[in-house]
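What follows is chain A paired twice: with chain B in the first complex and chain C in the second.
And then the complex of A and B:
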């Protein structure tokens, strides 16, 4: 018994370098974000408890940024899934050429976000390839404004291109865990392709789909560089607004409030995911 | 009977064949066209601009490459990027080795919690961490310092390194270790002859992940490093910002992504896909 206790203590010591490093640096920065949003450790002025910084929540600009970032998060996660799911479904079976296809698809995963932003903004700019092709096919009469457009479609396009392989890998992993027996059984019982898709593949891959959507949402919601390069002039994403508030206007306490909002949204989404995952798991036969 | 069976198999093969062709072609366009356009843009001759009605640049030359290397900070940025990355990889390897061993092979209370903590640097929004970590760093005089940059990049690489190594340690069969112990192997021999050789593929994958993460890290470098230190991503960002120069940005984008794509194929060759999903936060 004593020996076991001792070895557990040693194990905790051994995980300290990796886990401790993360807790030390992340923990301190998250603590500082929360503390500064309430006025403690203030960079300017005195350090005391105050809620005055939280007034920024009622400012029009902050709300606009928040709504914009939520929109980007939701659209990017849904969009990426729509593009990734058919490919994942195909890769589950697939014949010759599957290996080549899967390495080809993974390329954007290793292309840095900023480079991806540049690659796509080249394509969707006013006289870019996409507009020229659409014009040549007489689908549109005038080039579309997709870059820095007021809605943010350019950002969504870049997020989808960059993160397709990321979502694909997660969804593929959960599709791979579906046993062929189940599909065969369903087919024997007369299920068509349509009902196999909606009653077997999608429900059984649900945990993976949810994980990928949540992670995608978090990425797109907290994004700084892509929105800064391809997003609309107004509103900036909440992360971009936070950074400008802190470093351009030196209003660190106000930026801390936005930081807490971003972290809070991330945590709520993660919590929501675990609830949804439980629900899905519960429904399993 | 066999005739219809053969016909249905042939139909299925045809279906898969045409689907594969469809996906390969769409992916070639999806991935290939953006890259090809960038290559063309980087080769546009400054004397013969590439503008609207032309389908291809009138004249190709290396002039943009020469310009970028001569008149921008790219060489210094390359030096910074490629000296921070190896140091961050080594540091994250040293930190994660004992951690991954315990997380992969031992049962300890709170293991699930620690596995979640390990993922936090990837999950937490980068800009929030960057801004307030920079406040913590400036309290310790680490802001705008090389050491600060290495520590920040280590933080971002650790999740990949720990998770990949944990998976590798998990996959070592206990029998082998028991057998070695029966034959009188001590801890040193076990590490040298069992653990290190068996986690080597995972270790290489972890190192490549941590390396590419460091090369492309933007948020933390941007807040903690600039203006003292410039890396390739922050240079690219400056070309994409208020002084948008498409040709220069193309050159920098290619410099940044070519080594990454080569590393992707190295990973593909030596590893199976599950390492990728293991490292990418499949909880």
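And then the complex of A and C:
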């Protein structure tokens, strides 16, 4: 009995640094953000319950930023997956240049997001490489506005470039776990390339696909550096608006509301992922 | 159902021939086993028949149709894999129906055929389970159901029982044989297990280093091995080299390392002075009684009681022979024994 108590104590002691760190810095800051959004523990020293900060949720600017960030999150995650999946399939099957391609594609992983944004900026700016080449080839008559475009395609493009290796790593691991004999069995039973892709590869890699999409969504939805460099003049992303609200307008409690919105949206998306994963895996009898 | 013909079939990997100019004809409805040790080319042959490999030389015919470049999904074969290769994200019903869906069989017909396969393999009630929720034996039966439901021209088995425990292996191999006989589907079965091959096959193809050593029914393969490899691989055998010292009619007198023996060799052209390789089975060494031929005296090195029999390692003139005796007599290490071998029990090897 005594030995069991001791081992339990040792167990808790071992997990304390990791779990304690999370509770202290993440848990408490989330708690404070939520509390501040309702007027408690305000940075000004005031602490009184109020819903006035939440009025910002119905303000046109906040809604525009929220919609813009959702759009960036969804398009970036889908776009990255569309680019990553065929490469992951190629890497799974192997062939000439597999190692070279695998190394090449990981480069963006080591470049910070802000630097990545500036690198791509040179490519897609008004007088960037892409426009100059298109002009030289007489494909366009005047430069295209790809940077700071009102829709945010520039942001999506940079997000895809920056996060492709990240998504690729997850999707590749999912695809690599599919045994060759399962693919052989499908071929043997009459499945062609498309059937194998849609009935075997995609469903079996779905947990990895969903994980990569949700992580990608969270990154792009809460993005600050890429949108601030390549995003449209209006609306700013929700993270950018949060920063501006706090530091430019000194409305920290209102910024806390936006923080809660970002956390809430992330939680909703995670819940959606787990529901989707359950649907993919099916009900247990 | 198809007749299968392999003509000079060769498959190389990195310049090395895994299958080297093999020829084989399998009749419609026949159950043929490719038997051999690891790396003998049996699985490569099977995968070439399935279309996973394109032959480097030679031809594969289903009936009269050349199949060399026909992709696996266009050949009407069905394969049972060693690992079962069930689709883990699909339930039993969808696994079995997969091949039918790929062949665009009408929904009503699909239902009928899947239901029939479920009943045939005692899987009714398991339709909604995922493969991970089934035992090894049940998974193997699902793999079988998935294979037969498409009514393939040729059924291919790649060591399908090797992941099952010994008891289940015997049970499922009987089920496979019964099912194949009932449906009459041409079947090619790959195994390294000689007992399995002997129990299940119409004919056995013994392979070694990419070549076919011998083809024959189980009875012939076991009792009349042509080569030392076949004699040694199928069952236990005493294999020796000796010199022919005389021949009278069909009886050869041979000076062997363990003594002089007389053996019957009706279809052989060997003459006095020739050197020959020959084999005999442990069970052909029987305890000597007055008047029996080829009397050998030896000492028991080890006696291993097996329940239904006793395995004996016997020293005869410095040579180690294996013998098998019944369980009635108890043998001890160091006992002196006398054995006899019938003249007809010896096999001359190529």
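In this section, the second predicted complex is superposed on the first by the 275 of 285 C-alpha atoms of A that agree within 3 Å, B and C clash if a C-alpha of one lies under 4 Å from a C-alpha of the other, contacts with A are read in each partner's own complex, and residues count from 1 in each chain.
The working rule: a contact is a pair of C-beta atoms (placed from the backbone, for glycine too) under 8 Å apart; a residue touches a chain by one contact, two chains touch by 3 or more.
Please read all numbers here as calculations on a predicted model, not as lab measurements.
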Quiz item: Is A:233 in contact with chain B, with chain C, with both, or with neither (first, second, both, neither)?
Solution: neither
Practice problem: Return the chain, chain B or chain C, that is in touch with more residues of chain A. | Solution: B
Practice problem: May I ask you to decide whether A:186 touches chain B, chain C, both, or neither, giving the answer as first, second, both or neither? | Solution: second
Self-check item: Partner chain(s) touched by A:48 [first = chain B, second = chain C, both, neither]
Solution: neither
Practice problem: Give one of first, second, both or neither to describe whether A:123 is in contact with chain B, with chain C, with both, or with none. | Solution: first
Exercise. With the two complexes superposed on chain A, say which partner A:204 touches: chain B (first), chain C (second), both, or neither.
Key: second
Quiz item: Can you list the residues on chain A that touch chain C in the complex?
Solution: 179, 181-182, 184-192, 195, 199-200, 203-204, 206, 280-282, 285
Exercise. Would you pull the chain A residues touching chain B in the complex into a rising list?
Key: 8, 11-12, 14-19, 21-23, 25-26, 28-30, 32-33, 36, 43, 87, 90, 93-98, 100-115, 117-123, 127, 129, 161, 166, 169-170, 172-173, 208, 211, 215, 218, 221-222, 224-225, 228-229, 239-240, 242-243, 246-247, 252, 255-256, 259, 262-263, 266, 270
Practice problem: Provide the residue numbers of chain C that touch chain A in the complex, in ascending order. | Solution: 50-52, 71-74, 77-79, 81-83, 85-89, 91, 98-99, 102-103, 128-130, 133, 146, 150, 156
Quiz prompt | Contacting residues of chain B [partner chain A, same complex] | solution = 13, 16-17, 19-21, 23-24, 27-28, 30-31, 33-35, 37-38, 41, 51-52, 94-96, 98-103, 106, 108-109, 114, 117-118, 120-121, 123-129, 131-133, 135-136, 151-152, 154-155, 158-159, 162, 212, 215-216, 218-219, 223, 233, 236-237, 240-241, 246, 249-250, 253, 256-257, 260-261, 263-265, 268, 273-274, 276-277, 280-283
